[in-house]
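Okay, structure first, notes after.
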Amino acid sequence: MSETRSITTAGAAPRALRRPPARLHHSKTTKRQARFGYVFVSGYTLLLIAFGLLPTLYALFLAFTRNGAFVGVDNFVRVFNDYRFPPAVLHVALYVIYWLISLLVFVVLLALVVHAIRVRWASSVSRFVFYIPGAIAGASSVMLWLFVLDPTVSPVSALLNAMGYESLVQVVSLDNLPIVFTIIAFWTGAGGWIVIQYGALNNIDPEIMEAARIDGAGAVKTAWHIQLPMMTKWISYMGIMSLAAGTQLFVEPRVLSQATRGVVPDDYSLNQLAYLYAFRQGDFSGSAAISIVLLAVALVLSAVFIFRGRLFESD
Amino acid sequence: MTDRSQTRRRSTTPRQWVSKILITALLVGFAVFFVLPIVWLLIAPSKDGRQLLLDSPFSFGSFEQIGANWNALFSFQDGVFTTWLGNSTLYSFGALALTLLVSIPAGYALALVEFRGRKLLLMTTLIVMLIPNTALVLPIFLELSALRLIGTPLSVILPFSFFPFGVYLTYIYFSTAVSRDLLNAARMDGAGELRVFAQVAMPLATPVIALVGFFNFVGNWNNYFLPFLMVGGQKVPVQVGLANMLANVPQFNPTTATSTVIELPTLALATLLSVAPVLIIFLFSQRFLVEGMTAGGTKG
Amino acid sequence: MSQQSSSARRAARLLAGTASAAAGLLLLAGCSGGTSGEVNNEYGFATAEQVADSPITIWVDASREPAVKAFQEANPDIPVEYEVYDGNAGGSGTFQTKISLMDQAGEGWPDVVFSTQQNDAIWASQETNGQQAFAAPLNKGFIDDDYLAGFADGSLDYSTIDGTVYGLRNDLAQDVTFYNKKLLDEFGYEVPTTWEEYAELGDKLAAEHPGYILGSLGDSFMTYVYYGGSESPVFQADGTEFSSDVEDEHTVAISKILDGMLENGTLVKDSFFSAEFAQKYADKLVAVPGPVWYTGAIFQGALAVPAGEIGVAAPLRWEDGEIETGNVGGGIWYASSHSKNLDAVKQFLEFATSAPEFQVEASSGYPAYVEAADGWLAKQAETGYFVNDDFQQVMSDAAGQIWPGWSVTRWSPESAWATVVIPGIADGKSIESLLPAWKEELDNEATVNGYTVK
């Protein structure tokens, strides 16, 4: 692995690579490095503390207290006993599975395919076309989905009718929702990730690819043995992000709830439930409890990606 | 040698054809998937409310109708749509500048500079990215309220500039695309840290700057919840404005007696106009992405 | 090695220290109080320190913006700032969300808020987390009793909690019976006056003129029209006790009627605003019970029925009962108890609810203030849309005949109808068979919203 990496930046100063660094230089440079390291991250760290760390700690605080008084796990118990909690867990779990699979499989596949296109304009047009839906978000998409999912007016009505649906209400029945949301989320989210993975593929030295081709590797073998391993960090990152996005499912159900005027319930996902707790029931502690549960689950699942993808290693 | 390659080319041709067809089919299939609803959306403003419901989805209405919908959109609340677009521009570009200023150096340092607390920062960033936004909203509101910033553009720009996703992207990019040895070489040649960053790392960073900038801009442009809570009235960005507009569409809100009625095609036009800047920026930054890639990825 | 770990520990300690210090600051910020103190005898609640001529902030939706503009024109010396928001449309909860954040921060409240929903008084009248209730009591000396008496009977019920009025009603949405005179004459039918006659008309239509309809069940507000308008005690709240009786005779009777009409096709499952409805039923609506705002939104808007065809008749009742009609909507104006210029607030509230410049000229809803309503009806008569001249009398009578038995609660009854009944009937089930599931959902919703189910 490290061999190939040094090849990618070869040409800069091959001789310098082999010269062992002097001990004196080493300690001076590391001290200087450390100082500048802090300088470089200072701005971000400030924002991280203000808008990330402190709010997270506050949420933790809220989750274990009620109106300022410590109540242990009461909030969690109350939330788990809510009749809306188990269905919401199921909904989110199903959605995360579908979402993760579709993203990991299709995005990587499409990125590989787009990258393999030799014709320059076709490549950029494809990337643009795949990305366009990602530009539409939230309120803008409400009316779009109101129409696209309604078999009587949809541009894809032929498809919906073929699947046996005759009305909007049937399309958005509770059983179909995980798939519907996956489709919506994929439609809006895939394009951006394809661009990122495409960029990651571009970072792979074409000389390696050429070498593989000369050695007789077909497209699939090249992808499997060369491209994918070099994209590990990027794919892991995508995995983690899609876990986060999946567990935090909020926008799509909210959009559909508005579009169908309530037929899709507004407590479909756990994140929505957290919202309702905070802003409808005035129960910020319960809301924080749900959020902490979501965080814990996402953390545990991401650990898989972090360690298998060696995300924290700097080299 | 020539003989072998000739035979190879001949024997792989049929297979190449099949794979070419498959690939094209795949691309076209997905292209249709992504584009079909957009085409519908593009055509929608040319119809009026009833035509949208009754005519075929891909039938074109009329140009006059586009004009009528345009007028309806811009006369809504005396042209507040323009104000919304202006607000979105201010917030998104303001946050973009701050984000790049803050995130690129941070990602670089996390990837290529030795300092204590590196892993701690990475870990914290990850955790913060995984916690649902709902939980963070109240504390952020309280902080900004204590600083008397609620209702001002800063209350939107500052949180928008916190972009852990971008920092991570930069970190991954720098740790995979740029070698430490390259930097160490420059250091040993006597370059100070700032010079190493500015003259060695930055030129290689164009793709990731374009990427981070783009995603930050789009995320902020499309963000509804944060500006919804922080500002109101004339200061809202276009996403919040669209949601307010939605409240005046009878299909979505029949029970409120409204004298201001917005029809669906007008809403479609508003959607397209609010999306256009994002697409333009995408096209613009795509150039840098591709250019930068070929410049930085291949060497020697 | 040891150097590394000790600095790492130092860094961690520093981080923890900063974090807890700042967290403490956050808590303090959250605990800063609003208006706590002596009850102002003049107004009947604890007011903030009054600052004469301080600008008031008003939150309205786009349709009520004309009210603020008209007020500014009529009263140029009163400093008014306003923000247009979504008006809480579709139960978005914007009003409550923003106010709850401001309550936590202890500052930033607007002075007047208009909400299109009817149940905001319930949460706005509660003290939360030590913060005084947002909505100011209006009948304890703030607004004159004479003025309050000028509202239609029962119109202030939704904003009255335990005898205290917290909001002024902007418009009413009383149900009446709309009919298409052209079609009725053509078929030789009479306008139905009771629910039983409505059902019979359905049978006749199905037998003699299939394809013609008497309404739709595809919208979630039908729960108000058919159940609220038939004295069905499906949504009853008494303080914090909730009960839903789906076995009551009225509930069962109306459900049977609805099922019969669903079956024979005179009631459809498509929403009034859907493509299906526009395609198939636009000119086939013979008669329908519904709120007065159907005039604009449905007849003139969605269905584009020309003038001179639609008439307005008295609301439907049970054969053996009095008229107790339903109500579907009606916005409410709230005053903030934290306001620093209650004089200006009072002037604005009275203007907004009764001034002809807004309620007659610029409002599309039936005004709740009786005097303004008369003016509004006269203006409607000028357009000559309705077939019968006495529609004014019909509407104004119905305004005072709204059934007081339907309650408002923290949450909307529409969500249960939308998630249980609409999908159920789309699947082909009968409403009567869905009644237990509907009740269960209502009871569950009540529980999570803090009610005890009786």
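The chains carry the letters A, B and C, assigned in the order they are written, with residues numbered from 1 in each.
Assume a residue touches a chain if its C-beta (ideal position, glycine included) is under 8 Å from a C-beta of that chain, and two chains touch if they have at least 3 such contacts.
Keep in mind it's a predicted model, so treat the numbers as computed, not measured.
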| request: Counting only chain pairs that touch, give me the topology of the graph as line, ring, star, complete or other. | output: complete
| Once you count every C-beta pair in contact for both, which comes out on top, A-C or B-C? | B-C
| request: Let me have the rounded angstrom distance from the C-alpha centre of subunit A over to the C-alpha centre of subunit B, please. | output: 14
| said: Suppose each chain is reduced to the average of its Cα coordinates; what separation in Å results between subunit A and subunit C? | reply: 39
| Rounded Å distance, subunit B centre to subunit C centre (Cα mean) | 37
| message | Two-or-more-chain contact residues of subunit C, please, as numbers and ranges. | response | 15, 26, 90, 97, 104, 219, 274-275, 279
| Shared interface positions of subunit B, touching two or more other chains | 53, 116, 138-139, 142-143, 243, 245-246, 251-252
| field | Touching two or more other chains - residue numbers and ranges from subunit A | value | 53-54, 58, 153, 258, 261, 278, 284
| Touching residues on subunit B, where the partner in the complex is subunit A | 19, 23, 26-27, 30-31, 33-41, 52-53, 57-58, 101-103, 105-106, 108-116, 118-119, 121-140, 142-143, 158-159, 161-162, 164-165, 167-169, 172, 175-182, 184-185, 187-188, 192-194, 197, 207, 211, 215, 218, 222, 224, 239-240, 242-243, 245-246, 249, 251-252, 264, 267-268, 270-271, 274-275, 278-279, 282-283, 286, 289-290, 293-294, 296-300
| said: Using the touch definition from the top, list the residues of subunit A that touch subunit C in their complex. | reply: 49, 53-54, 57-58, 61, 67-68, 82-84, 150, 152-153, 167-170, 173-174, 258, 260-263, 265-266, 278-282, 284
| remark: Seen from subunit A, its contact residues with subunit B in the complex are 5-6, 8-13, 16-17, 21-22, 25, 29-30, 32-41, 43-45, 47-48, 50-56, 58-59, 62, 106, 109-110, 113-114, 116-117, 124, 126-144, 146-148, 153-157, 187, 190-192, 195-196, 199-200, 202-207, 219, 230, 233-234, 237, 240-241, 243-244, 247-248, 250-251, 258-259, 261, 271, 274-275, 278, 284, 287-288, 290-292, 294-295, 298-299, 302, 306, 311-315
| Residues of subunit B touching subunit C in the complex | 50, 53-54, 76-77, 80, 116-117, 120, 138-139, 141-143, 145-146, 150-151, 228-229, 232-234, 243-248, 250-261
| task | Spell out the part of subunit C that touches subunit B in their complex, as residue ranges. | result | 4, 7-8, 11-12, 15, 25-26, 29-30, 59, 61-63, 65-66, 82-87, 89-90, 92, 94, 97-98, 101, 104-105, 107-108, 116, 171, 173, 219, 221, 272-275, 278-279, 291, 293, 296-297, 301-302, 304, 328-329, 331, 362-366
